[in-house]
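Every chain is named by a letter (A, B, C and D) in the order it is written, and numbering of its residues begins at 1.
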């Protein structure tokens, strides 16, 4: 049994790409942000939960984490946000050269994020993951967010290479705009975690 | 289908097959590691009773007796050894490997030798300056489990059969600290009963 | 209403228990409560069961009625929906939902009232016992202001009837769970956490309990027998339990004691009154007075004890007691000694 | 869109040649390559879903065989068929496989097949991610069962409580296998949830507003949202905490250094409880589809049904502590969790009432699928009622961790997952294969399965009340549990027989089943508006949805014609993206080509996570490998480039 089809419209005139919530990829990115963001919330919950097993935080005999590198990282992150606004605008203007150059800068900045994160883990925390639960909690939060930093680097690098080597289609501009959106998530999600991991040991 | 495609398919098939075979072989070494032998005779081979205090020896070179301990590769035996190590209060003198009244067991220095047979002999016969003889006290199968655990502390047994840590406070041998903390780490005591 | 409910309960209980396997030789059942705590839960259970049965019959009945009715309608050749269908369906669904909510609220408040009766008796007079879980046996201690009067026992929990017993629980290794079905309640034994549970036995008896949280290889053979005595009898038992072990009276038992102390036994077990004082395995001071060995696995007979000492791994594979290669003469002597430990 | 233009129907005979040409073109554009290369590279949601369903079913059978072995060991007291070491592995793998390798994935696999068709899309939203998810799942499942067969099966129970599963008390690599199996399956589950979510939100047929989404698709939407928030908890707890405790000596669960074993329980059950609803909410969706199709009318109370799904999905996150009533947690909290656990019965009850009302006012046909749906109500209600009972703290403390609980959750899972799944197979098998399953064998299947389920699991209630704890490998004869256990074992064999009948039915019907045609049941939803099995491009034209039952003109009456929209380029892979709320056509998304790189990506992550059982360095090497695979995956090939801004640069 096959019923006749009755054409009621034509979609041939519709564009082949769109930005933000009109774009399918954007929804995928948002879904992954929900997953990753919730994972970060959970790491912070674990951190606070383990805190209650200690009378002092950090426990006696362990120095508080250093603030210099982490604060530099946060400052750099905040400073990078205007860059992301620019990438988003240039993408929506389909400005190939501008997106290409801004992405190149972003790749370098993202690399700096990752180097600073490695510095934080090895030099600023003053504790190993296997020293005690305090150390494990610190490494958990920084490690989970660090994994995202690494993914962000790979993503930004890849997008930059595409914009240099081609082929670039119009839809890649919405991908570049998604890179910028994801970047906002990485930076904004780090702010509370930064306060938790580096100021927390001073405040509670 | 063009021959090119068929070739590609064959190549992909071969790759898949090789991968599959490798994947199937991967767990094979698991057999020894995961076996749980609850009652059996201890590892074969007479323990070397001779403790050589000097490297000089008369005559042609003598074979050193090397007793292998199949418990070394058996995760269950190592973990039972760990349990017995605590129960028989080995930690009373050796701490959790870091040493105290007795010598540390986590490092590479062995006064009476690090071969399984030698450690077995050390446990069973006792040694001067405090190490008691446990012969007749500890059944030999348990002694072999302790041997496996003691050797695992010094990283002399396969890593895959060792556990990462026990549920007690940490002890650190100098050599295993990969990253020096800037400040000395002190132990921490959790509240005895966390909640009513 | 109450009486009718209890009559229903009795009949249902008889029905359930008449099923072939519901009656074991052991007292280990939620449905044979022997104390106030278990009784409160048991009545909650019967209430819930009756309500659930009614709800279930109503639901499945409605389903059957719907199927049969609709098929009859179709068979009669009525192609359209029933008259007033929308209003009737709305009413039915709304009514069903309202009934569900009402029933659930009733259940919830009944549950809360039962929950209140389970408050621990900290202020009231009670007996305090400490239970510690081990892989795979129970350490039971009766603390006393005078330390030498404290009693340590294993795999048997002696309690007086008619007064609440407060149990402090913890574990030495992994998580276990204490659950005495006939007396009610369950509490996880978590290492380094101390928690309490209480119950009360109304009648003397032996209630069996088994570890209720998976704890490794021998989780299945980790039973605890709760022995409820009349209060006077309990005091007698306690006095007896406080005594150190009897010195061996004959040469065979004396030889057995020597074997015990010089061999591997003393490395793990305590016998008060002898140099054996290790707390790794169960305290054996009054081993011969216990009903079972190996944590409720075997009746405490001479033959079972011999089998257990020689090859525990055959009886309880993975247990932490090692095999002991004893000569027949030595075994004879050791058994004589152990069996003298009343 | 509501008024049809008086255009000529496309199916006029004079257009037959044009139609054939267009179909051939579409086929060329969308069909996967042939042979093993096609097998590795395809991104067709139907091809992937088919193998996904078959794979999950194989794991179901293997895990079921574990259960049969366990039942043989328990059939008599003090049996010595299987020792404790083996038994612990069997029940742990049984539980882990049924939860992580069957119940959730089979529902997602069915959804991967059905959702794009039901919303009228050409493919799933992220097809490469979809392929990747399947391979991850496959690696995880093969890892678990291979480990079991070489005596490395996890043995700490499917919820792996620390400290038993920690480094000190779980020697060897068994628990690490468990943790990484969870990693693989959670990654697979999460990516499937994302694809389905975006498919439902962005690629619905024009006109399929929120109020016209089929109930089954709603159930998948709710489930996918729940997965997004539930799975991270267990993925983090197992991969980043338990595995790390065991691998690099972190102290999350080591109390001597400030860790806490209760933390594991909180994290696990924060996932584990919603997991129950994640499993059976798609089952509720299946039942809605079956009841609608075979009662010949739309399900009564659509808004209430949708609201019930949403409420269930939301409240499900407030119940996890009722798995922990026996632990030291504050008294007050328990009442809250009791209240939530009791309340969640309401939305499920409402749905059952609505189905009964639907059947009552419809013209029910008792096909095998319908019998499974009825069986679902009859069996699942028992699980639901015992679920309300154990929401009570005092009662739960009497039966927690006993066979009463085992009975309860098997009633819920077999009732809520397996019954609807089998029903769904009978409903959609003709769509998937083009042939109908045998109704005669189907009756045997449903009858035996119903009998087996009740004979196997009802006596367990009594065993639990009689004091039998779960997870014991043997019991003493004096306990008197022997006869009921024998009965349970008998029930298990009946279930085996029914599953055997089902397998025979599938194998026979694949060859000799009655040909189905496009719409054998005269059903209501869009998947029936395309040939069976559907072509690689799903629909020749984008269907337009004008009501909740787009293929019915009124309840149970097939519509005369199907409105469609033309204009997607047949030369290119394009799918129509619509707006989230009203499903208005918005843009034509460029759909990716087939590629083997998701497979290689999964393979490199397979090396990473399996290697990480032994050494943390595999995370470093594996990340490198995975990055390379991902680069190849994401790199544009320039094939079918759309609106090219800059061509590919030649070699310099």
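Quick notes
Quick note on the criterion: a residue touches a chain if its C-beta (ideal position, glycine included) is under 8 Å from a C-beta of that chain, and two chains touch if they have at least 3 such contacts.
Treat the numbers as computed from the prediction; the structure is a model and nothing was measured.
Taking each chain's centre as the mean of its CA atoms, B is the chain most distant from chain D.
Interface comparison, C-D versus A-B: the higher number of contacting C-beta pairs is recorded for C-D.
With centres computed from CA atoms alone, D is the chain lying nearest the middle of all the protein shown. Averaging C-alpha coordinates per chain places the centre of chain C 38 Å away from that of chain D.
Rounded to whole angstrom, the centroid-to-centroid distance between chain B and chain D, based on C-alpha atoms, equals 43 Å. With centres set at the average Cα position, the gap from chain B to chain C is 39 Å.
For chain A, the set of residues that touch two or more other chains comprises 53-54, 59, 130-132. Within chain B, contacts with two or more other chains are made by residues 36, 165, 167, 170, 188, 190, 194-196.
In chain C, the residues that reach two or more other chains under the touch definition are 191-193, 195, 217, 317-318. Inter-chain contacts, as defined above, occur between A-B, A-D, B-C, B-D, C-D.
On the side of chain D, the complex with chain C involves touching residues 83-85, 88, 156-157, 161, 163-164, 169, 255-256, 261-262, 295, 297, 300-301, 304, 326-328, 334-335, 338-339, 342-343, 345-346, 349-350, 352-354, 356-357, 359-364, 366, 374, 377-378, 381-382, 385-386, 388-389, 391-395, 397-402, 462, 464-467, 469-476, 478-485, 555.
Residues 16, 19-26, 28-31, 38, 40-41, 44-45, 48-49, 52, 55-56, 59-60, 62-63, 65-67, 69-71, 73-74, 79, 81-82, 85, 89-90, 92-93, 96-97, 100-101, 104, 107-108, 111-112, 114-115, 118, 135, 173-175, 177, 179, 181, 184-188, 190-193, 195, 208, 210-221, 297, 317-318 of chain C are the ones that touch chain D when the two sit in their complex. Looking at the complex, you find that chain B touches chain C at residues 36, 38-39, 83, 87-88, 136-139, 141-142, 167, 190, 192-196.
Taken together, the chain C residues at the contact with chain B in this complex read 191-196, 217, 262-264, 267-268, 278, 280, 311, 313-314, 317-318, 320, 322-325. Note for the complex: chain D touches chain A at residues 1, 4-5, 7, 9-11, 125-126, 129, 190, 193-194, 197-198, 201-203, 206, 228-229, 231-233, 235-236, 240-241, 244, 248-252, 254-255, 257-260, 263, 266-267, 517-519, 522, 529, 531, 540-542, 544, 551, 558-569, 574, 576-577, 579-580, 585-590, 623, 627, 630-631, 634-636, 638, 641-649.
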